[in-house]
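You will see two complexes here that share chain A, one where it goes with chain B and one where it goes with chain C.
And now, the complex of A and B:
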């Protein structure tokens, strides 16, 4: 019998295949799009339109050491250093057309959704204007209320219909509602499997190294609506279930402390941020990513609500509750909070999230300055001091504190 | 671990401090050299402290290093973050302390102490404003010695506003005031107020639990303490040994290490 490939290999292959599929389509003369990470992926999937994700590419470029070069190129084009580094890297890529760390085809259209931030709109408008290509925007404004109201759902729904129509016009494809239903079904299956797999973090010890999720999430973002992704995450969940039974983990060594990592990974310094935690036996068992990319819905209206309930779009009370729930479910000993200069929206709520975790979950917290893709906004020594102090507080807590 | 003294060394960005304590936990010798990590400062600080007691490394039971240069100090038995060390040292100097404010050369920290140990902390973001380095830059612009700043601020009649949160921008503000012939004392008071406001924001975020104790080099600046106390609405205690709190805390951890091994 042929031995089954481990899920992590399958996931890497799926991520690679998504880029290859776009290249093949481009080379065959098909239209290829660039897509925002929280754009409803079910739409291009239903139309069988290949899209690639600038945010994923920017993260990969940053992780491979190209972040500073690309950011500086964008700054040379006139883009401010205050802009999101993903945006700067992508604008540099749109100008250079190639990148040694990770290449992807140039777009024939862009699909924008501002449920992650409004910088996204200007970024995609700049792309559309510079490259002279059409832009489709699904406007999902920041939700000031706790729940997603009917009028918001109607507003977004209307745009969905229009987005589909425009996309058909651009690509010459025909829309089949059954295919949309199918892609929604698959996307749900993937999300459920992803949530199930990540939920294994709650076991003590956790069967997975939390930093694994930073890699796996690429597929949850860009290939949600594919059967291969659903199957790979289902297999990942099975592997974690087996690890729990066997008492094994992808985290090597003793898991002394269970921590939440709040915020986007600091991709340019991934190894450094990881090593400082790993050296002290801290394993990440809680991230906002896990829940953020688990889009669960039964029908179109619920899908509209799901795309509103994403981290940077949800109201701060809901955002805090979500984190507190994750923290309690995973029994964290402390929280490491990335104040990410690139992402003003996510970082802007961090002082309050930090306070809520400290006071309502009752765990020590530490914040550090960094960036999702611009390496210049992180200082290793400052990070190390904070992490060591944080560790020492957890040590004191374990001892029961006091002298 | 047979030595008579436990040693703590705090290697900061601007200074190196060394403290030797006896088995009773009392300070036997202390030294400070005005150069920090990456210089001869740390070894000079050790030599100076050893010289005061006429001892050598043989007489030291354990060494704990702290501060930004903690990982590069040869011979340390353990490193501890300056966060834990300042909390430990502050608690030793002033056992009633529940909130500790430390403004060092490179950063500002607020620490909460519970049962004598660090229980939570907050540090400034990467901006240099509100740190000792900020005051140092300003003293150069004003051609004052850093030790003269406190008295100059206290003599102010109408403290000016220094509102920029960036050191470089604040420097421009100070230069603008100077070019308008504003009083040096009023400018200095404005600088101190700006440090106090910025630090107070950090303290309020974590919570002000009396009593409040201040450590680090800036604790010696009475005028900064005055404005900080006003911002927070509480008395701020300090000690002549405040600048040694980190090294003292490290020495106390070294003593614990000695006791645990014996």
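And now, the complex of A and C:
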């Protein structure tokens, strides 16, 4: 019997295939879109419209060392270096049309959703205007309440219908409600598998190296509505189950401390941020991505609510509760918080969230200054010093009979 | 002439002393609701028998408590507004309304709720798809929720009271638009600082009273002969243009502000509320009618052309972009503004501003160089 490929290889292949599919479509004269990471992926999936994700590309470019070059190009176009580095990298790419780290086809339209930030609206406005292409916005206003109110659900629902209609006009495709149902079903299946797989972090020791999730989550977000993604995550969960039985882990070495990594990865310095933790026996067992990207819904209304209950769209109480719940479930010893220069919304309520984490979970926390894609906003020395101090506190706690 | 100076000095005094103004209003028996940038439905507050009071931060405010909530890269408008809240400056207000029109405002509301629990936080949720029926329906629903709560805090809001408030506000908007034109015609009577103070004082006064004073000012200035202005005429654009240091640099260089596209200035009064049978409908429609603002979704990005048109109408020599540091929406707009100005052959300059700014020498050099260029 042919040995099956490990899930992590399958997941990488799915991510690569999405780009290839977009290239093939573009070369065949089909319309291709650029899509915000938290845009309801079920819509383009139901219409079988190929889309690629600028945020995903920007992260890859940054991880491969192209962040500064692209950011500086955007700054030359007039975009302030205070702006989100993903946006700057993408505006540079829209101007240059090519990038040695990772290429993707140019868009015929853009699909925007601001449930992660309003910066997204300004960025996509700039794309639409610069490239002279249509922009579809599904506006999901920041939710200041704990639950999702009826009027919000109605508003978002109507925008779904409008987005579908506009997309049909742009691409010439016809909408089949059955296909939407199907993509919703698959998306749920993927989310369940993702939640199941990430839930294995709660085991001591954890069967996975938490940094793996930074790579896997792209598929959970962008390729959710594909059967391949669902199958790959189901397999990933099986692999973790087996690891728990066997007492193995993708984290090599002793897992002395279980930590929460809060915020987007610091892509340009991924290895550095990882090594400092690894050298001290810290494994990431908690991130908001685990729970936040598990979009579970039974019907259209619940889907609208699910797209509102994403990390950057929820109020401070819900945002804190989500983190506290994850922290308790995964028995963390401490939390490392990325104060991400690119993300005002994520970082702008973090000090208060940090206080609540400390109080409610009773663990030490540490912050460091960084950036999701601009390497200039991270100082290795600051990171190392802070991580060392954090490590010493956790060590003291352990000696003192804590976790 | 002396009456012109007297009104200008009265409004300047209001603009410079919001704290005293707040106490005077409250001691006079009125309740006050704070209104953060950029757009709050002030008419609802007014219709509930209360006075809306603008909160746009403060220049030179030392930040200490706000640092416990915001990282350094949030704009100084909100940093200083939060600092004021944490110091208790809004404790006498009945509530504070905070919209979610940009990412930092979203955080502001949450941090305000956490750090200033003694003052009620009223979120103002606008749709970005504001021109569609879905967006309008959502906004009406959100305004109805605010109407209910404000009616409980103040007095219940009837349609008649709301229509009356809209009328008072539309009247104020008309008079302020007339003032902007008056100031453009008479830079010898109204300096850049005075122009700013006249507009800013409107945030801290009962709009009906402010309207009376500005209307009188317009009338008096209108009666004066138009004399040639040998200085330069500019349009300013940005979030704020109220820095006294910067405005005095303009004056020193003989620069008159003959029009603006500033969030705290003309964007507040350039769009009227349509008069509709259901006043809530009109209030929501006004939000759909607004154009050319960085925090409002506009894939056509009309703002640059709007400023070019204004510059031509007001015979401006150039445009000064006052870019508030760490303001994403404005920073994203800038490349498009620059392109529009260049295409129209209008000289422009970018000056980064910040409420914490103390050293204006760089700005001064830039303004001087710009003046030479015009």
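As a convention for this text, the second predicted complex is superposed on the first by the 400 of 403 C-alpha atoms of A that agree within 3 Å, B and C clash if a C-alpha of one lies under 4 Å from a C-alpha of the other, contacts with A are read in each partner's own complex, and residues count from 1 in each chain.
Definition applied: a residue touches a chain if its C-beta (ideal position, glycine included) is under 8 Å from a C-beta of that chain, and two chains touch if they have at least 3 such contacts.
The structure presented is a predicted model; accordingly, all values stated were derived computationally and were not measured.
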Looking at the overlay, what does A:141 touch: chain B (first), chain C (second), both, or neither?
-> second
Taking the superposition as given, does A:339 touch the first partner, chain B, the second, chain C, both, or neither?
-> both
Once the shared chain is lined up, is A:128 touching chain B (first), chain C (second), both, or neither of them?
-> second
Given the touch rule stated above, what does A:248 touch, chain B (first), chain C (second), both, or neither?
-> neither
Between chain B (first) and chain C (second), which, if any, makes contact with A:152: first, second, both or neither?
-> second
Partner chain(s) touched by A:389 [first = chain B, second = chain C, both, neither] | first
Chain B or chain C, by number of chain A residues touched = C
Name the contact category of A:350: first (chain B only), second (chain C only), both, or neither.
-> second
Which residues form the common part of the chain A surface touched by chain B and by chain C?
-> 339, 351
Would you pull the chain C residues touching chain A in the complex into a rising list?
-> 68-71, 73-74, 100-104, 106-111, 113-115, 123, 125-129, 132-135, 137-138, 141-142, 294-295, 297-301, 323, 325-326, 328-329, 331-336, 338
Footprint of chain B on chain A - complex, ascending = 339, 351, 355, 358, 364-367, 369, 377, 379, 381-382, 384-386, 388-389, 392-393, 396-397, 401-403
Note which residues of chain A are touching chain C in the complex, please.
-> 77-80, 82-84, 87, 114, 117-119, 121-126, 128-129, 134-135, 137, 139, 141-142, 144, 151-152, 154-155, 158-159, 162, 315-316, 339, 341, 344-345, 347-352
Give every residue of chain B touching chain A within the complex, in rising order.
-> 68, 71, 79-84, 91, 107, 114-123, 125-126, 205
